[in-house]
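Look for subunit A in each of the two complexes below; its partner is subunit B in the first and subunit C in the second.
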Partner chain A sequence: MFSVSTFLDSFAPLAMAARYTLLVSGLGIALGLVIGALICAARMSSNPVLRGFGGLWVSFLRGVPLLVQLLLMYYLLPVIGVNVPAIAAAVISVGICASAYISEIWRGAIAALPKGQTEAAQAIGMAPTTVWTRVILPQAVVMSLPALVNELILLVKASSLVSIVGIMEITRASQAQAATTFRPMEVYLAAACIYLAINLTLAAIGRYLENRMAV
Partner chain B sequence: MEWQIFEQYGPMLLRGFGVTVLCWLLGTVFSMALGLVIALIQRYAPAPLRWLIQIYIEIIRGTPFLVQLFVLYYGGPLIGLRLDALPAGILGLTVYGSPYFAEIFRSGFRAVPLGQIEAARAIGMSEPTIIRRILLPLGLVSALPALINFSIILTKETVILSIITVPELMYQVNRMSTETFRYLEANLVLALFFWLLVETISRVGRRLESRVTRHLLERP
Partner chain C sequence: MVQASSVQIRQVDKFYGPFHALKKVSMDVLPGKVTCLIGPSGSGKSTLLRCINFLEEYDAGEIRIDDQLIGYESPGGRKMRGAKLREMRRSIGMVFQQFNLWPHMTALQNVAEGLVRVRGLSKSEAESRATEALRKVGLADKMGNHPLRLSGGQQQRVAIARAIAMEPKLMLFDEPTSALDPELVGEVLNVMKALAAEGMTMVVVTHEMGFAAHVADRVAFMEKGELVAVDEPSRILHSPEDPRIQGFLRTYHERNSF
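Moving on to the complex of A and B:
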């Protein structure tokens, strides 16, 4: 029957493993924000080659499961002579995958800005770079915040996949725990509770930011 | 790069692809149906039942699909739920997808103008008829893009079923790569397969969308 003590005992080791979950999803979103900005810029540029590259990047990364991207990265890096630890391959592929979604979020946010604002800024003689840094970007970033928090929640859940390349995050740790205690139900339920706690916290932060920064 | 291995493993990969498509189709249909039921319950049921459903939605949306599968497949037998990998996988997809579909249906229903429902009530339509004749036809059209979008997301979730040994494409690719040690080629092919599948579905989806919204555009 359900063993409450195993359930409760599972929390300590799994909470330790949550560091890796947070590390992979945190660094993943950071990398995704940087690459996502570049891809977004490429897709909005006037250069057709850059636009095509951006489109292909987004279509490929959104069309291929993250698990497959992860394994590709894991096996591809050694072939092209880059020897990095598994954690780096995990963070890079999570970040690259996130970049495709984040670039679309930003493109949507920028497109949603009323055109009159840009025109007004140009009319009073702002330089194009100033229009971007003072008018478009501040508003687009604020508008995209809820969607970005949503993306971070998705990444926390997606980080369970990096268990497959041997990172000791929550899911991997609960597999080990389930194998030693022979009580998979209790252990995986404990893991589910930890994920739920992380994600509900993130969702609360998202709602707070949304209310605070409402334009 | 060595490509000869695909001559030997080709049929196996195609079979795996068939299982992938099967899991995706059944998983999508079942979770869409369950999602619709949940959305209708949330709209019409009394408050306590609505809260229970809300808790279900929060739990499923807040935990990774992989963990849900582990609970179902390895934890299930402890409470007497003994399933083979394939049915467990399809059940898992159904449970995982249902709250997302429910939320999509809910916002689709919200997009139906209240005046239409009030008008239907005013001419004496019964509540089930209103659902069938007003709420569903109008709500489904506005929910269609999001429904297609989430169905595409579900295609990609099917690879996770390989971890509980459902013999779909990813599982067969893993088998091939551990037998031949050609990991890169195998995963590259897998990526191409999925890219093609997803692009095909999204193209079909766009055609479907423009078809059902035709009446909105063709006004003179």
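Moving on to the complex of A and C:
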């Protein structure tokens, strides 16, 4: 029989654990946006070494599962003498992994801008940095918004993988809860509801931003 | 009267890989005059126009604006520094076939942007000049609209306002009416006509033979990267001697007789 009370009781502890889910995915995307911008710049640079580095970065991070990246980071950092808490290793892994996808999202958005946008700015004598800050980036950011929200939702779900290095986020907390209550179905259903609530909220915020920023 | 530039084009060559896009083109654009570039598509008209403000880099020859070489430090020499090129471009306005307005800015912001970011005017000074430029093209009431809320003809007039607000001494038009619905062509041509009447030096790539016949001081015909002839409009459009021009005009009139 389905135990409604267990289902409802699961929400409080899982909601506490959701703080870690939000922390890892929130800091992860923030880190991913910063590193992603740098990698995007490297890939579009005229310097072949930077371009090559950016290309390798993206290929490696897209080609290796996040779970393996997490374990590598977790075991690698102490070996090279960096002792960081598991949560830091988790945030760094998630952020670095996200940067690969985000850099491609931005590269795509920038490449999708018609050449005439830049030419019109060059024709009136606008300096290259001004062209970037006033013409290219404002449009690229708006264009990339749907894909970035999508990426953030993927990260919220992928953050369940950081349970492997011992972080008590939603998925790991529900495993623990299921083990003590012997009611896995109720507990995982509650976990599913919380993930869904987070992601529906993110999608709604994304739609709101898109509407507000649309021209 | 606006201050008007002259342009001298000498022996200009341009290649795209193995394709010879411009073949030793030489031409003078006289100050305060309107020169129309006509010819079949792919003949190099737009390429030549875009070489004048160095949006397209020519490979050999010289293009001088008021005796100053554009794009290179010296003929056949090193490429010009960016800052120098930008300074030259400030006095050359350009209007594109696809308008190329910035969609994230209003009409007013599109026109004021260069005044603030390139000319260094204050925001209020820039906006009052931008308003003036928009009034000149008949769009004072559309200042707050974003480009997508404007018709093609209105967008192109905003683009012209954006160029003239910078107070150029030379205006380049790259098929300014080719992307417009037929009923919107007139409003853009009228603005260009008014600009010509003020004494602006204009180079216009166009398929509007009526405009070429009535507004241009000189018409240049290009084919396959060559400048075939430059002359008074009537000599080119009514009694051309060159069979290539005759053929082009025959095709043009046949198309328009449908």
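Keep this in mind: the second predicted complex is superposed on the first by the 215 of 215 C-alpha atoms of A that agree within 3 Å, B and C clash if a C-alpha of one lies under 4 Å from a C-alpha of the other, contacts with A are read in each partner's own complex, and residues count from 1 in each chain.
As a working rule, a residue touches a chain if its C-beta (ideal position, glycine included) is under 8 Å from a C-beta of that chain, and two chains touch if they have at least 3 such contacts.
This one's a predicted model, so the numbers in the text were calculated from it and none came from an experiment.
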Contact breadth on subunit A, by residue count: subunit C or subunit B: B
Partner chain(s) touched by A:66 [first = subunit B, second = subunit C, both, neither]: first
Which superposed partner A:135 touches (first subunit B, second subunit C, both, neither): second
Partner chain in contact with A:196 - subunit B first, subunit C second, else both or neither: first
First, second, both or neither for A:75, with subunit B first and subunit C second: first
Partner chain(s) touched by A:157 [first = subunit B, second = subunit C, both, neither]: first
Partner chain(s) touched by A:171 [first = subunit B, second = subunit C, both, neither]: first
Partner chain in contact with A:181 - subunit B first, subunit C second, else both or neither: neither
Subunit B and subunit C contact sites that coincide on subunit A, given as residue numbers: none
Contacting residues of subunit A [partner subunit C, same complex]: 114, 116-117, 119-128, 130, 134-135, 138-139, 142, 215
Interface residues, subunit C side, partner subunit A - complex: 53, 55, 82-83, 86-90, 92-94, 96, 98, 100-104, 113-114, 117-118, 146-148, 159, 162-163, 166
Partner subunit B, residues of subunit A touching it in the complex: 2, 59-60, 62-69, 71-72, 75-76, 79, 157-161, 163-164, 170-171, 174-175, 178, 183-186, 188-189, 191-192, 195-196, 199-200, 203
Footprint of subunit A on subunit B - complex, ascending: 58-59, 61-68, 70-71, 74-75, 78-79, 155-160, 163, 170, 183-184, 187-188, 190-191, 194-195, 197-199
